[in-house]
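Got some structures for you, see below.
Presented sequentially are two complexes of subunit A, the first with subunit B as partner and the second with subunit C.
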Partner chain A sequence: MKSNVFVSRLALGIYLLIFFGYLLGPLLIMSLTAFNSNAFPSVSPWACFTFEWFQVLFHDERILNSIKNSVIIGIGTVILSVAMGLAASLVLTQVWAKWRSTYYTIIIAPILIPGVVLGISTVVFWDRLSRILGPASDALFHNGIFLTVLGQSTFIASYAMLVFVARLQRYDPGLTEAALDLGATHTQAFRKILLPFMRPAIASASVLAFLASFENYNTTTFTFGRYPTLTIELAQKVRYGINPSISALAFIIVVLTVFGAIALEAWRRNKLKALAVKEGTAPVGRSILPGFLRGNWAAVVLVLMSFAVITVFWAGQSYSPAQCKQRVLELKQAETQRRIQELQLQRQIKRQADALKGPDIFGPSSQSGTGTAGDNPFGGVFNPGNLEGQSGTGTGPTEQPKPEEEPKAAPKPSPFGGVFDPGNLDDVGGN
Partner chain B sequence: MKKPLIFSQFFRNNGKMMGGIMMFLVAFWIIVLILLPQLSMLDFSFRFNLPPKELGGPKDVYTLHNYRYLLYGADGKEGTYNTVDLMVFVRTIIAAMAVTIADLILCYPLAYYLGQSKGTGFVRLLVVLLIIPYWINEILRAFALRIIFADSGIVNDVLMTLHLIKEPIDFIRADIALYAGLGYAYILLMLFPMYNVIESLDRNQIEAARDMGASWTRIHRRIVIPHAKPGISSGMTMVFMLSAGALAAPQILGGPSSLWFTQLVYQWFNGSLNWQQGSAYAIVLLVSSIVIVMTFMKIFKVNMGDIGK
Partner chain C sequence: MADGVGVDLDNVWIRFGDFVAVREANVHINGGDFFSFLGPSGCGKTTILRAISGFLDPSEGRVLIGGNDMAGIGPNKRPTALIFQNLALFPLMKIWENITFSMEVKGASTAERRKRADELLDMIALEGQGDKLPSELSGGQKQRVAIARALCAEPDVLLLDEPLSALDLKLRQHMRTELREIQQRVGITFIYITHDQGEALTMSDNVAVMRAGIIDQIGTGHDVYDRPATAFVASFVGENNVFRGKIQEIQGNEALMQSNRSGLLRATITPSAVGELKVGDDAMMFIRPEALALANGDSHDKARISAKVLSEEFEGNSYSVYLEGDGGKEMKMSMPNLGQDPEASRGQDLTLSYDVGNAMVMPAGELASE
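This part shows the complex of A and B:
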């Protein structure tokens, strides 16, 4: 019996591990790739710890512009969808029972309609309307922001509505009636009684609506026009050429999300604790932690995380991966050197063999025998004898900015030809 | 004659101004944002793709051409079916169902575990951990999987280090990345509804059943699953509809040779600029997925009102 319990615990543990690994693993790895200096986002092989992708990101005009668009559209969507959701949920409580399920089906349907369909129908409808109303309405009805806000609000209002319905279930309509009996107008009753009661729901619906708008892709991809949102811009980047600056953005979003989730949890726990204190059931004990951190792991984590982020940010200001990069470069150069020495050795052997054959050292036959200077388009320009004179003047410095290409280019015959010739490299090492 | 009565009562309950604002907002939402766009898309799907000059002209008539195209392909090829597009459609529907079932199987144990072990800090931690990926962009989640499943990605690296494979597997071309991505994208929409209902199940019921000698499978079949049915159906509906209508994951994770039906819609719309054809395809997608969901709801006797709870 005991082993049975153990086995089921083990199974549960493995299952949880797999589930959360599947859920969080990809995000973790994506975040890590933001700090690797490799040009393709990857964690292995790990080259250098770097912040350069964040700099690339912060200098990306299109990303910054799209964030601006996203925020504008997000705010518009929040206003429209929260207003419509609230109105719809209030109407739901008053609709006759016979009609309620039809009404509910209509306003819940946008959640289930594929986003693609919502986007297309919005564009088609407003295009049609602008044709009916004439060219004067064109500017508005074909405006990306206008269409995107409407398209997104269509289904985001349903989410907001669900939040409001849940809250309204706990509302006592008697309160409004009492206010009306005491002489308040309907507007006053709404503003002074119902609205304060709905405030938490309005807050959470707004956050939900903003997040939903911010990350929507399927609808926006048809409606955005000339105002791409962040998600659209990201999708285009991901589809047509990946680089780790997307990972850097992803890392920022992940960190913000983690912050948000933990802050929410800390706030919730604090509220629970306050409730417990009020009821006198709070555990009494002494702790070195200040009040709001006591018995609230989420708040502790939140504070620790803020410190960590500040530290990393500060370190990012002063940390420069140049040294590490230099080291990686040196490693690569050492590797190249080794290969070149091998080649040199081979060449010498070849040369000796050729010398044994005849005196024609730099003739075509010997050139084709040497790996580096082999099939290059510059012919004999870069052959060893020439290089001795050249390397001191021009090629050395020009070569340094492209260290990445070195190890790939050197061992095989390349368009750079003899630029990577031994004499040349010795000179670089000397610098 | 009931309508005016309803309205007058509504205005009496809410006042002229508040009632008016509410009426306006709800009407705007339902009519201008939901109904009219869908209807105009439906109307559009029955029209020819004409240049602007010929609009309203004699050629601007209703036609079934766009739907016929999905079935039979271009005109002049009578008797042959448009196998390419039809296969994409069938594949999309079947794959979306498979993704839904896979997510259900993956989520049910966790929903049960979370729902039934109340209050402990560990469970709260798990819920917070679940919320994090839920809030992160669909595109970024697909991007994360793309990094992992790339040729030099971590999955291939691990498999190669373990000497399980010699050559890197092309997960993208094999569509493994796509299915993993679709399951990944919507898994939490399956989990949360189920978790919410199972949480409301009284533990005593399970213990009573256990005391009476019911087996583990029987407890789930007779108590937990019937109770969780609204949550399960809500989750399945959401996952199915969203993965059948997904666009980001197939665009980012799909192999070069395989298409998702929404990608066809996208191509007609943004590539060929044939909005009418795109609308027809979108209508087909919408209607068929609604029909499928409704059929399953009928079979399992679930109400529309349970969705979204």
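This part shows the complex of A and C:
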């Protein structure tokens, strides 16, 4: 029996470990890449500990601008979808008893419709409308912020509504009646009774709406116009080559999230404690901690975390990884040198072998492939001839001039913008 | 007190789809009265209250308050205040804010409101508790806050929807007297809804007894208890022994009924049925347990029933004695506790007597289901 319990506990422990690893592992890895000086986000090989990606991030105009757009759109979406969601939920729970389920289905439908469809339909609809209303409305109806807020709100309002419906189910309509009976107008009853009751739900719906708006991509991608949001900007960056400044941004977001969660918990516990003190049920004891930290681990963690952030920030001002980088650069150059020599040796051996074997059976295909690479829609990535050229060039600009029979060695527009080209590493990382 | 504002229901019908919740209600409530609607749950009494307070419009007929037709006037414009069954105190407001909500919506200043709240808190004996939240008060305290909140609106008519039903017995009895005192002090019309006949009888000047949307009887507590108009009222208000039978003879306002199991019984015809009840009609006769007594030799003028004692219950100030008549009819009798030994009489055949004036006979009808 005893060993059984032990085994099941062990299994549970392992399961939890795997589960949390799956959940948090990617975040951890990504956070680490923000501090590695390698130009491509990576953990191994670990080059140098650095804060430079944060600097790169804070000097990236496009990222900063897109964050600004995201925040503006997020706020707009919160206002619009909270208002719409609240109205929809009031109608659902208080007005239409007979058609409730039909109405519910209609209201909830936008959640089920793919965001892409919502994006396209938003653009098309407002475009049509602006044609009908004439050029005066053009500026507004083709404005990226306006369209994105509307497009996102179509489904985020439904999420908000679900939050409100849950809260409203606990509302006693008698309270509104009591207010009316005491002489309040309907507006007063709404503002003084129902709205204060809904406040927690409004807060959580706002947070939900803001996050949903902030992370939205597939609707926004059709509507953003000249105002790319953060997600759009990041996607474009990935397309044209990324560096760890994105990890740095992600790290900042993660830290802010954790910070917010702990702050909330600390505040909640403080409130509980205040209640306990009021009722006289709070445990009495001595502690070296100041009052607001006593019996509130979340507050303790919060303070520690603030210290850690301040320390790191301070250290970041004075810390310079230049020396380390220099060393890494030297190591790399040595490594490169070694590989070049190896390569040359291999080629020599190969050439000798070719000379012995006669004509290369891949010769013709290789020739035609390289010849037409320019017209190829895939930029020749699937051309076997490229393989040799690229895999062989672990050396980037420091590479020696290629032998004549390797015309592919010249840099070629790859669809991935060369992000997977290890040759770029030195290039950026060495700066 | 006589100058309070009266309420009239003029041929009021209230329907929900096919369901008739209130049928032809004609009620006149005097200004300054403590008036109760008494009836089992689902009889339409709350519906009537909601029609008076303005939360629903009668399908037919008129509601008049102080002689003014209230049609089309919303609950916030009527001179009524309602105390809800669940009290409906605003959970997020402090007690003093709750009490003075009616002033707040009229735009009164905080200082004014605090002052009035303190006065009302004094009145309901909750001095210094104004800054608490409703959740921090006990049931009886919340009750009083709800009353203060309603009174703060200075209504002409206060409507109370079973406000005591959630309280325990002791508190309920205490609140009864308190409510009555408040009503006499402020002198406004109280309209009280209850299914508890004890509440209705102790507090009210007048009572309307309702059954399934119909008002069976309106009268003082005495009227309703001693001279019930229908079999339903007789069986619903207080306890009663019911005898079924046929009318054999009528003399003035007295009738002789051939009962199914207890022989010939003499009783008074209830005032509302005089002239209506005919010889040969199906009838019911009611005798209160306390109206039955052991027959003495000298009580020749009284009617008699013979019965055997089955069991008795001791209730402190009295005994409830359960008896079985000759024909197997079960009866209950109430005797004051004067130190006698009731067990000695168990199994004995007794002769019971009653005053014909205390036995009421009326046309047979639906009984309240207990």
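As a working rule, the second predicted complex is superposed on the first by the 310 of 431 C-alpha atoms of A that agree within 3 Å, B and C clash if a C-alpha of one lies under 4 Å from a C-alpha of the other, contacts with A are read in each partner's own complex, and residues count from 1 in each chain.
Methods note: contacts are C-beta pairs under 8 Å (C-beta built on N, C-alpha and C of every residue); 3 or more make two chains touch, one makes a residue touch a chain.
Given the structure is predicted, the values throughout are model-derived calculations rather than measurements.
**Q** Is the arrangement of subunit B and subunit C around the shared subunit A a clash or a fit after superposition?
**A** The answer is fit.
**Q** Tell me which of subunit B and subunit C touches more residues of subunit A.
**A** Touching more residues of subunit A than the other partner does is B.
**Q** Touch test for A:169: subunit B only (first), subunit C only (second), both, or neither?
**A** neither
**Q** Once the structures are superposed on A, label A:193 by its partner contacts, choosing first (subunit B), second (subunit C), both or neither.
**A** In the superposed model, A:193 contacts subunit C only, not subunit B.
**Q** Would you sort A:3 into first (subunit B), second (subunit C), both or neither based on which partner it touches?
**A** neither
**Q** Once the shared chain is lined up, is A:185 touching subunit B (first), subunit C (second), both, or neither of them?
**A** In the superposition, A:185 contacts both subunit B and subunit C.
**Q** After the two structures are laid over each other on chain A, how near do the C-alpha atoms of subunit B and subunit C get, in Å?
**A** Nearest C-alpha atoms of the two chains are 8 Å apart.
**Q** Shared contact residues on subunit A, subunit B side and subunit C side combined as an intersection?
**A** After superposing on chain A, subunit A residues 185 contact both subunit B and subunit C.
**Q** Using the touch definition up top, name the residues of subunit B that touch subunit A in the complex.
**A** It comes out as residues 6, 10, 13-19, 21-23, 25-26, 28-30, 33-34, 36-38, 40-41, 44, 55, 106, 109-110, 113, 121, 124-126, 128-133, 135-148, 150, 152-154, 157, 184, 187, 237-238, 241-242, 244-248, 251-252, 262, 265-266, 269-270, 275, 278-279, 282-283, 285-286, 289-290, 293, 303-305, 307-308.
**Q** For the complex, which residues does subunit A have touching subunit C?
**A** 172, 174-175, 177-185, 188, 192-193, 196-197
**Q** Okay, in this complex, where on subunit A does subunit B touch?
**A** Residue positions touching the partner: 12, 15-16, 19-20, 22-27, 29-30, 33, 40-44, 83-84, 87-88, 90-91, 94, 96, 101, 104-118, 120-125, 127-128, 131, 150, 153-154, 157-158, 162, 185-187, 190, 211, 214-215, 217-218, 221-222, 231, 234-235, 238-239, 242, 246-247, 249-250, 253-254, 257-258, 260-262, 264-265, 297-298.
**Q** Under the touch definition given earlier, write down the residues of subunit C that touch subunit A in their complex.
**A** 53-55, 74-77, 80-82, 84, 86, 88, 90-92, 101-102, 104-106, 149-150, 153
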